[in-house]
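One chain, subunit A, links the two complexes that follow: it is found with subunit B in the first and with subunit C in the second.
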Partner chain A sequence: MRLEKISIQINNDNIINSLDLKINSGEIFVLMGPSGSGKTTLLKGIAGLLPFASGKQTWENGTGTTGLVFQEPRLFPHLTVVENIAFGLRVRGISVKERKAMALNFLKNLQLESLENRYPHQLSGGQQQRVSLGRALILNPDLLLLDEPFASLDTSLRLDLIEWLYELQRNLGFSILWVTHYIDEALSVADRIGIILNGGLQQIGIPSELFQKPASEKIAQFLSLPNRFSRGQWRKWFQYELNGLQTQDRGWIDPKHLQLIDEGNRSGEGNIEEAACIISGFVTKVRPSREGYSITVLADSKSLEVNTTGWKRVPKLKEKIRIRVPFEHIHWYSE
Partner chain B sequence: MVKRKRAQRILIIIFIILFSLFFLLPFIPLTVWSFTKQWPWPLLLPEKWSIDSWKYLLSASGRAGEGIVNSLIVAALTLMGNLLLGIPAARTLAQYEFRGKMIVFSILLAPLFIPYTVSIMGMFDFAIRFDFINDYISVAIAHLLVTLPYFVATIWFQFRLIGRKLQEAAISLGANEWKIFIWIEWPLLLPSILLGSFLVIVISFSQYLPTWIMSGGTLLTIPLIMFPFASSGNSSIVAAYSLVFFVPILVLMIMYYLLLRINSRKHFMDRR
Partner chain C sequence: MSNGWNEDGWKMWRINELGHQINKHKGLLGILPALLFMLIFFLGGSIHSVTLSLESQPVHGQQDQFWAYKELLNLSFFRSVGITVGMAAAVAVFSGVTGLLAALLLAERFRQWKWLQIIFQLPIGIPHLLSAYLLMQVFMQSGWYSRMAYHFGWIDSFESFPVLVHDDWGIGVILAYMWKEVPFIVLLIYPFIVKLISDWKETAMVLGGSFFQTVRWVIVPILLPMWVGGMWVVFAFTLGAYEIPALLAKTSFGSIPVMAFQEYSQFGLERQPLAIAMNLVLAAISLLVGCLLIYLQLGWYKKGRRVW
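Let's turn to the complex of A and B:
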């Protein structure tokens, strides 16, 4: 599916501005953006729930269909599981017998066998969302639109359902436009990720590209990239002119690449190669993490996040500490 | 614990008895009055019993059958008008935003707030101008004005509860407006529609002035038959008519609960 110069207005306000997007066949495209950026509006526009003010939507094979799954299951409360799943088939005029057989057959894919006669209020949140997905998928849409479908579920159930849907998509081969605000969810399923800000797509790329080279500080901020500083600040810490493009005036480094230097054992300092610097600071926050500790260090009035693995002792608050920063792990991007 | 539960049970039974008496007590003197011509204070029961009122009521000149049939026809027409106008109006008011929405809502509910005499004068003018319209229809139009606010308010609330989310889900599955209404909204609205219809029929049954004005007193519904006896102080006949008048309402009430039960069993039965 391809969108060309799409604009959508609600109450005369431009929510989506001249947006271009192409979703490839069999691809999972994850759309991320802050609240109010126009993600849901775009999905509703593609699904035909909102009209386009301008622009056009085209399909590779001339015509195409979409299925939309909302954040909440929105099941019809007076219909059973099987009737809910078969609703779209009923709309298409398929006979009762045929649509019931199709829906019952589809229950296996949804892992909802033996629940066909239950009503929505008799299902758990995860089961309800699976019915909602089944209701859209049974129509064989060319593009499945997911509007944060698992956001209201608890973490373990959310992860299970993501895995389940990912496997289902890889088996059946449909395309997905998946809206989420969970970075872990995006990284675990996305073939490509798009960032939408103020009604426009600001950057599209494969996940690693997006994190390594954010197109702007706004995107870096939205992705919550840690240890983001200006080239000037990095130069101050490294105390020499830095290589690289001058237009890339900001850089970030992953906390796991920063190393704490134990004051009691300075042996590590001797191994510092040329392309690294040492920053001194004070510990302001210590939080345990799965790997070790996540430590916030204040240096030159800037906060640095450091992740440790196997740190022998727990750093104390206000403790003076030294951090080794390897230059090669800094990712540069433009403001 | 057992004692507490027992006390609770006794309290519930007492409450049910008192509640039932509240509804049933008025029917006791009504029944007694229908079988006597005189029941002076402070006698507990009348000295003489008579079935004259019932004889009159069941005779050709009593016209009770005609009254009930006319009342039912007018109520049915009024209900049809309410269904045709009330459901789309309630849906629009509950689910769509547009300029002047509050004004439209106020106009629809106006008969609840405008003094009855003002409405009646308006109806009188209408009756003169549209004298050529069939009596049943003109009376039903008058009853529609009186009943529409109650019907709209009942349905509007249910439409608000349903919201637009299910509509959006159905549209995304390819359903058009009509299919959404028939397959999704109607079944969910049914309890409210039953309640609203019950209210409409009961209110229509008890209208005297609008019926009299619109038909010029020629369409005899039960209130029109009863009124002369009530104003002449014939308590016995009024009591007999009141009891007859209550029969269709009782039947409707039973039908309402039966339909409600069938609907809830059909759609929300726990099959676990």
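Let's turn to the complex of A and C:
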């Protein structure tokens, strides 16, 4: 599916502005953006629920169909699981017998065998969302639109369903435009990720590209990239002219690449190669993480995040600390 | 004391227990006054009516307790029952269907036109007697519409205007009741239709459903218990009300409430048990229909189906 110069207005306000997007066959395209950026509006526009003010939507094979799954399952409360799944088939005029057989057959894909006669309130949250997905998928859409489909579920169930849907998509081969605000969700399924801000797609790329080279400070901020500083600040810490493109005037570094230097053991300091610097600061926050600790250090009025591995040494609050910053791990991007 | 409790301890426990019980049943306590009011008036009134209808009178020289009911066992009364129940059912169904269509239109197309909703609710405040009078003034063969039709040359004479008041089929009665009851149905279901459209229209649309399909397969089934309940209220009310048929139906129409009112007010005290018996027959029919609807509703919900 391809969108060319799409604009969508609600109450004369431009929510989507001249947006271009191409989703390839069998691809999972994850759309991310802050609240109010126009993600849901775009999905509703593609699904035909909102009209385009301008631009056009085209399909590789001339015509195409979409299926939309909302954040809440929105199952019809008076219909059973099978009747809910078969609703779209009923709309298409398929006979009762045929649509029931198709729906029952599809239950295997949804891992909902033996629940066909249950009503929505008799299902768990995860089962309800699977029925909702099944209701859209049984219509065999060319593009499945997902509007934060698992956001209302608890973490473990959410991860299970992401894995299940990913496997299902890889088996059946349909395309997905998947809206989420969970970065881990995006990274675990996306073939490509698009960032939408203020109704426009600001950057599209494969996940690693997006994190390594954010197109702007706004995107870096949205992605919650840590340790983002201007080239001038890095130059001050490194105390020499930095290599690289001068247009890339900001840089960030992953907290796991920063290394704490023990004040009691300065032996490591002598081995510092040229492409690294030492920053002194004070510990302002210590939080345990799965790998060890996440430590916030205040240096030159700037906060740095440092991740440590293991739980042996716990830095204390207000403790003076030194951090080794390897230059090669800084990712540079434009303001 | 057992458990090592002294007298004060037991006293405190009893106070706590009382508080716990009151708290546990506070819902029931809350509705108790209304429940007692309803039970006393309903049961008391019902028992009194049954007693009155069974008041014995001499028939062929012997006291007969069931004379009023025996007098009703004739073809003419059965015909009246048929006409009265049929009329009430027609009013209920026509009002229900028209009210549903009006509420759907108001909710889907004219939600921003608040004044239209207010106009729709105006007839609720008009007494039935007045609404019958108003309808008579406009629908009679010498009424407004007849004169307008004559004025525009659509009919040759006033007599050519269709007979809608005091007619053979009770059309005037049905129209007058509908004028009152359609707004009642709209008032009852409109807020729910607005909510149901906002909840389900989008969902049905993404599955390819048209608005008509959404109404037929989603909104009406979900609304069914309330909608049918509203129609039953209209049925029960129409079954027992006499003002409109008294004014708009012809004398030989045979509406039971009109006949009962005449028996009650015009033929002396000794005919009152007959009037009460007629009304009790109507009450029994109304309750029977109510019970049937509840039975059907329970069957609808039996497998676990829910609407909210």
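Heads up, the rule we're going with is that the second predicted complex is superposed on the first by the 334 of 335 C-alpha atoms of A that agree within 3 Å, B and C clash if a C-alpha of one lies under 4 Å from a C-alpha of the other, contacts with A are read in each partner's own complex, and residues count from 1 in each chain.
Heads up, the rule we're going with is that contacts are C-beta pairs under 8 Å (C-beta built on N, C-alpha and C of every residue); 3 or more make two chains touch, one makes a residue touch a chain.
Just so you know, these numbers come straight off a predicted model, no measurement behind them.
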Superposed partners subunit B and subunit C on subunit A - clash or fit: clash
Partner chain in contact with A:10 - subunit B first, subunit C second, else both or neither: neither
First (subunit B), second (subunit C), both or neither touched by A:92: both
Partner chain in contact with A:67 - subunit B first, subunit C second, else both or neither: both
Touched partner set for A:278, first subunit B, second subunit C, both or neither: neither
Touched partner set for A:136, first subunit B, second subunit C, both or neither: both
Stretch in clash, subunit C with subunit B, out of 6-14, 150-158 or 240-248: 240-248
Overlapping contact positions on subunit A, where the subunit C interface meets the subunit B interface: 47-49, 66-68, 70, 74, 76-78, 87-88, 90-92, 117-119, 121-122, 135-136, 139
Complex interface listing, subunit C residues touching subunit A: 199-200, 202-210, 213, 217-218, 221-222, 303-308
In the complex with subunit A, residue positions of subunit B that touch it: 165-166, 168-175, 179, 183-184, 187-188, 267-268, 270-272
In the complex, subunit A residues that touch subunit C: 47-49, 66-68, 70, 74, 76-78, 87-88, 90-92, 117-122, 135-136, 139
Touching residues (chain side subunit A, partner subunit B) in the complex: 44, 47-49, 66-68, 70, 72, 74-78, 87-88, 90-92, 117-119, 121-122, 135-136, 139
